[in-house]
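Consider the two complexes below, in which chain A is the common component and chain B and chain C are the respective partners.
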Partner chain A sequence: MIEYLVFAAVFGLLLLGLHRKVIARVQMRPGPPVWQEILHALKFSFKSTWVPKTASATLYVGVVLVGIGIWSAALFVVLAGESILILFAIYMLHKVVEHGFGLSSGSPYGKFGGVRSVISAASEIPLFVTIAAIYLFTESLLLSDITAYQAVHGPFLLIAPPVAIAMYLVILSKLPYGPFSIVESKELVSGYKTEHFGVWRAGISVIDGLKTFVLLFAFVALFIGAVPFWAALVLMTIVLVSLSFVCAVSPMLSPFDSVTIQGLITGVMLAYAGYLWWVMP
Partner chain B sequence: MPDIGGSDLFVLEFGDILHYYTPYTTTLFLFALIFTALAILSRPEGQIDIAFGGDAYYAKETTVSEMRFRRFMAIACGLATMGAMGSGDLFNFTLFASLVGITNVGIVAAVKSHHVLNAAYEYGIVAMVATLPLFGGAALILATTGTLSIPALAAGGFAVPLVAKAFLTLGVIGEGMAPFYAAKAEMFRAPGAPYVIMCSLSSLLIFLRVVEIAITI
Partner chain C sequence: MKRTTITYGLAASAIVIAAASGLLAAALIPLWAAETAIVIAFPALVIFLGLWWRAPGGEEDIPFIGY
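Then we have the complex of A and B:
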């Protein structure tokens, strides 16, 4: 299974490179080459590495491994068709990992980034509503059951479009350079990543690559259904390019506005899930 | 039981009370275990703070006795969280969740700062008030169904009131400190890693568990 992990990390980094390229082209800039994020990960792997004197050393290093571990687990969850509730849990636990990155170094920049990550937890609730709404249709949360349901009844993208929009916004809130990317905002240098450098930053790149791949793959499986692997990769790329357009034309929100808008989206999604629960037999 | 978190991997019976682990609850349990181990093994960070209005920064001093107590509370918090992850009994779950609330207060109340102590006091009031819907939800379920066993309730045949599920969820949100504490300035005043992280972690984990319970029963 190691080949899946390597492929997912590399393809995820390639998607992030494409994300930067599309944003740049929309903004009339040349932008970096699409393989820039892969080059970053390789570069950081060979840079000098140590642990800051003020850091909580075990946590500072351990949290990188935990981050890689949870997204590796998430990859196997989606590939094996296991419960999407586990994916929801991992997505939420990623907040704690970001928090750990920020707090472990002792740096105020990292700390502010970590705290912003916790206060933006409102972005997780639409994912929960997505899962609850899907459960109302399928009465199962196993990804294999959900794709089997779509094979009979058609894709969820057409059955319940608001749920797909909610998941789309969840992925948007996890992308860098998006309107909700307050955890990596430049006024905090690099937010929770600020004090992780060298091989630790390469580890963060691997986490970002895996996370991007898993979330986009889950989106395709949840809302379009079972498709050949190559088709899933094409669809993931199309979804990412559309997200890049959104990121390119929308400014980064202030932390307060970001949480407020995510809260409003959550309210709308809860109302929709309540409506579904009311009308479903 | 419905396959909400995957098929059962392991069931630990204590008479008519049991703990069960699905892939979902095992994931949560392992996460609590890993961070509890990190709280045991890690030395705390040496916190650096910015002096606003200039380029200066300063290192904060913290005493060993304060850190020792906070580590004890962080470990207790981790154990309570692990208990809540596998519990197959609603009453035990509510007890573990309220213990998480108590230990969360302990983690921040040990900080010798006027502002942080005020925050811990306010949070303690929220946690105390939250025990009302938490235990109230469990009591409602017992009164209407006659059992608090999660597998028995999940097997069907019981009409668990929606308001009881809502009470349970509300109680857990109140016990978990993160929603109330994360955005407060005291978060920056108190040295964070690895102890404050246990507050966020335990809050998230008991929320994730109650979501599974609410869907399952």
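Then we have the complex of A and C:
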């Protein structure tokens, strides 16, 4: 099973490299090679590493371990077709990890990244509406039941497009260089990641790779259904490229604008879920 | 952290992962138990592996904390 984790981390990093490449080409730049994020992870793992004097050592190191652990668990949940409630609980734990990264180092850049992570919690609320709307159709939150439902009734992408759009925006808010990427924007150097260097940053790369893989894989399973593994990888790549186009042509919003727009999306999704609840037998 | 400690940590996490995979393959433990062991050991493996082959560590320092 370790091979699943290694594959997911490497493929996720490859997708993040492709993300940077697509953004660059849309913006008429050559961009880095597609495997740049994998090289970054390897490079950081060879660098000198210590814990800054200003850091809370336990939290500083602990959040890296917790971050890798929760996304490893999330991968197993998705592969086993378990409850999406567990998956999204893990997603919420990532918010705690981001906050921990930001506050543990003692650097103001990291701290601001951590604080922004908390105020951007609005981006997680559409997730709950996504879960509620899917439950109205399937009456189950097991991923295996949801894919079985789609095998009979067709993909949720066509049955309930607003729900898919909400999940799409949730993934967009977690990708780097996007309109909602306020937690690691350049005026904060690297945001909550700023003071995690060397091996700790290599750990963050593994977290990012696993997170990207799990979220895109979950999107394909939730809104397209059960497909062969190779087809899932192709679909994940297509979804990611579409997200990269959005990131390439949209400016990064200011923190309060970002939260306002995410709040508005949540309002629309709540109205849609209410409508579904009203019309469903 | 001492090199010996890092080597022990790396070996311990690798042994836990190998044992969990082996016991699962032999059907001696359920899937959830193997997954739990790997979820705990994999982060340690990643960090200890990095610490094991890293460049020599420097002195602790104070990050930029504002003007």
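Everything that follows uses one rule, which is that the second predicted complex is superposed on the first by the 281 of 281 C-alpha atoms of A that agree within 3 Å, B and C clash if a C-alpha of one lies under 4 Å from a C-alpha of the other, contacts with A are read in each partner's own complex, and residues count from 1 in each chain.
Convention: a residue touches a chain if its C-beta (ideal position, glycine included) is under 8 Å from a C-beta of that chain, and two chains touch if they have at least 3 such contacts.
Everything numeric here is computed off the predicted structure, so don't read it as measured data.
Once the two complexes are laid over each other on the shared chain, residue contacts for A:Ser107 go to chain B and to chain C alike.
Look at A:Gln36: by the touch rule set out above, it reaches neither chain B nor chain C.
In the superposition on chain A, contact is made by A:Ser83 with chain B only, not with chain C. Of the two partner chains placed by the overlay, only chain B lies in contact with A:Ala132; chain C stays clear of it.
Contact with chain B, but none with chain C, is seen for A:Val96 once the two complexes are overlaid on the shared chain. Within the superposed three-chain model, A:Leu59 lies in touch with chain B and out of touch with chain C [touch as defined at top].
In the superposition on chain A, A:Thr49 contacts chain C only, with no contact to chain B. When the shared chain is aligned, chain B comes close enough to touch A:Val118, but chain C does not. In the overlay built on the shared chain, the residue A:Ser144 is in contact with neither chain B nor chain C. Residue overlap on chain A between the chain B contacts of one complex and the chain C contacts of the other covers 53-54, 66, 73, 105-108. Chain contact summary for the complex, chain A toward chain B: residues 53-60, 62-63, 66, 70, 73, 82-83, 85-86, 88-90, 92-93, 95-96, 99-100, 103-108, 111-112, 114-115, 118-119, 121, 128, 132, 135, 139-142, 145. Considering their complex, residues 17, 20-21, 24, 31, 34-35, 38-40, 42-44, 46-47, 49-51, 53-66 of chain C touch chain A. Across the complex, chain A meets chain C through its residues 1-2, 5, 44-54, 61, 64-69, 72-73, 76, 80, 105-109, 194-195, 198-200, 202-203, 206. The residues of chain B lying in touch with chain A in their complex are 2-6, 22-24, 27-28, 31, 34-35, 38, 41-50, 57, 59, 178-179, 182-183, 187-188, 192-194, 196-197, 200-201, 204-205, 207-208, 211-212, 215.
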